[in-house]
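Can you keep this structure in mind? I'll have questions shortly.
Letters A, B and C mark the chains as written, and numbering starts fresh at 1 in each.
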Amino acid sequence: MIRVEKLTKIFRRPRTFGGPFGALRTLVTRQYDERTAVDDISFDIAEGEVVGYLGPNGAGKSTTVKMLTGILTPTSGVVEVAGRVPWRDRHANARAVGVVFGQRSQLWWDLPLVESLRLVGDLYDVPAARFTASMKRMRDLLGLDDFLATPVRQLSLGQRMRGDLAAAMLYEPPILYLDEPTVGLDVLAKQAVREFILDTNRAGRTTVLLTTHDLADVEALCKRIILIDKGRVLYDGGIEDLVGAYAPPRRLVVHTDDGSHTYELTEGLKVPDLLANHAVRDLSIEEPDLESVIKRIYAA
Amino acid sequence: MAELTRALRLYWRLQRAAMRGAMQYRLNTVIGILTGAVYQGSGFAFIWVIMHTFPSMAGWSLPQIAFLYGMRLTAHALCMLPLSSLIGIDWLVREGEFDRILLRPLNPLVQVMAKRMGVGQLGDLLVGVVLLAVAGGAAGIAWTPGLLAFCAAAVVGGALVEAAFFLALSSTALRMLDTFALRVFVDDVFSRFGSYPMSVFGGVTQWVLTFVLPVAFVAYVPATVVLGKAVVPLAYASPLLGVALFAVAYRIWAGQLRHYQSVGA
Amino acid sequence: MIRSLRGMARIGLRFQFAYRSEVVLTSLTLIAQVFLLRMVWTAVYGERRQAADLTLEQLLAYLTLANLQTFATMPVITRLAHFRIRTGTVFFDLARPVGYLPQMAAFQAGHTAGALLLLSPVVPVVLLVGSITSTSHALPYAVALALGYVIGLLMALLICLIGFWTMETGAISLLYRLVSQFFAGTMVPLSFFPGALGVLADALPFKYLGYVPAAIYVGRLSSAEIARALLVELAWIAALWALLWALWRLAHRRVVINGG
């Protein structure tokens, strides 16, 4: 469904000048500043997969997503989404993908939510009958009925995000890009967003690419993750394999009268000696989680 | 053709939505229209006060200059009514709104144009049309259907000349260049100098305003035709210049669009 | 108190410098304006020596001066107050131990000082594009201009206060700028204004921002007229001061009620 091969994006900006004639000099300058945001990335995503695309801030996640959606033109390499080159065929690609930015709404600020959804329906040429059916599904799945008539600027963040999800899936695109869809939401709203994503993926075989900093999202939704940093792929594969391969050793915590001591459970640890040296009151074992794994990879 | 009617239909849908949104701030809308009218009205008041003392300016009478002023103003309003949201393009790019525009299956320029209604320009249009109507009667023009058609074409052509410069300069914002102040300046030159007979300036200035920044073609050249003052027959072709310049400007916009660099990483 | 006002003035000055690349283009706008006026007036004068008691040289010197004056003294605080009332940051201004209006006045003074500094390299160009004559009334000119500046400042403060009622002064301050510039006579000396328009322009205080000082400079006013003009300026300052004070008391009460 999505094919990325040796994809590279170098940003080239005219050098900006200060001073009284700065703006004019910037306008005519031939000097450029260059920065490589995405550096030789390759991956394939099959139909129906839900993939977590992870990396620290500035790793190149958004730049990749922007190339997948056709907003940016790659400097070199191949992008193919549903058999099309997104930046060359932007309109056709637009109809095939839904995009949700957690930080930025696509809804019309001053209008009731239902009007925004109607406008989206018009923009994507959704026929009336399909629109009605699709709306009904969204209303049921996302519980939109309570706030359909409310102007978007008066919606809570959780309601707004549900509205944005509806707008992105209204024309039933086969691919959904989610950029931090749960940022700033409370526990219940996060749960609602995750359930909607799972349902869309199960019911319509929608392919989902998810970027997030919330690893609970990833654990709840994705079987596979792609981990990038400084524009390069660090890991591409299943979550279990990642934890298996990169996990720090499990840790043994020994609780004594004068506090608790932590030991890494490695081959060399001699547990009997340890127990002999401490007045042990209790023992516990800490399992590594995804967060500790990823912290370790970033740090390396 | 089907694509064009679809674009027009969607433009109208989006523009109506923007208007419905703006109507929630009704007082602002009214003051905006009023300010537009007062701004342009005070420009004409200057001419009127001068010509109260002096009967003619470079051989033009008050009704003739009023006609020129009306033509320039109507052209300006026709240019800015649909394009006024381009004023905010720097903001659209900086805030990442332009990303969303590129994610939708509709021409990005049409989407930008439909972002906002140019309320102040309604005031311009009002003053411009009133001046054209009054001065068109008072300036002693021998109206024929042909001349009337030329006049309409000239106003549209003038609007396109101004729109071409506005669009070409605005498109630099897609590459994160800050040309806001420059755009304001160019717009100011069009407004300030476009409403006078070019012979007032003479020499180098007249040449620059005709061939470098073709302010003269927005209203002055076609007005000489309507008022029977045309010196070169080529003046009759002036409306075509707007079409040509706008076509070039659209190419520039499309070129800058290919080099669009979104904000952030 | 003096220290914090000086601080405010410094911010005003820095504010002006922060936008210095825009200042280059607005200076070009000023030059274009003076050039346009020169061309238009030269064209209408034609062969005439004099009109409304002004020779063309006097008129061009008048226009150059009047436009430089308005450009340098343009009020910025109406825009600032609009922004700060809308975003609610005005409450920080009100919480300071110095009065709101003195803060605004200090900011404007600093901003004007910045404008004068930035404008100084442009002045020769403007004088070249326009024209200037020497004057024998330098002192009365300076006094009239200084008093006129105070009048302009007081009126700008009044506009700022209106924002406490309407919450929206963007369009109002633009309208004010257009009207004040027109009646200040920056494009046409007031002596050209016909009939009722002339009477109106003569009665309004805007003429002290442009026409009166510039007319004193070019020797258009007699000594008696100058003395009278200066007295009327003082009267305007007193009247506007009183009005401002009364309005401030109302506005302040309003803010307290809103905030509580």
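Rule of thumb we're sticking to: a residue touches a chain if its C-beta (ideal position, glycine included) is under 8 Å from a C-beta of that chain, and two chains touch if they have at least 3 such contacts.
Just so you know, these numbers come straight off a predicted model, no measurement behind them.
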Nearest-to-centre chain - CA centroid comparison: B
Most distant chain from chain C, judged by the mean position of its C-alpha atoms: A
Euclidean distance of C-alpha centroids - chain A vs chain B, Å: 44
Chain A and chain C, separation of their C-alpha mean positions in angstrom: 54
Whole-Å separation of chain centres (CA-atom averages), chain B against chain C: 30
Residues of chain A whose C-beta touches two or more other chains: 23-24
Touching two or more other chains - residues of chain B: 181-182
Shared-contact residues (touching 2 or more other chains) in chain C: 21, 24
Touching residues (chain side chain C, partner chain B) in the complex: 21-22, 24-26, 28-29, 32-33, 35-36, 39-41, 43-46, 48, 51-52, 168, 171-172, 174-175, 178-179, 181-182, 187-188, 192-194, 197
Sites on chain B touched by chain A in the complex: 6, 10, 13-14, 17, 20-22, 24, 95-97, 99-100, 102-106, 172, 175-179, 181-182, 258, 260-262, 264-265
Touching residues on chain B, where the partner in the complex is chain C: 27-28, 31-32, 34-35, 38-39, 42, 45-46, 49-54, 56-58, 181-182, 184-185, 188-189, 192-193, 196, 199-202, 205
Residues of chain A defined as touching chain B within the complex: 11-14, 23-24, 26-27, 37, 57-63, 66, 69-73, 90-92, 94-95, 97, 99, 101, 104, 106, 108-111, 115, 119, 122-125
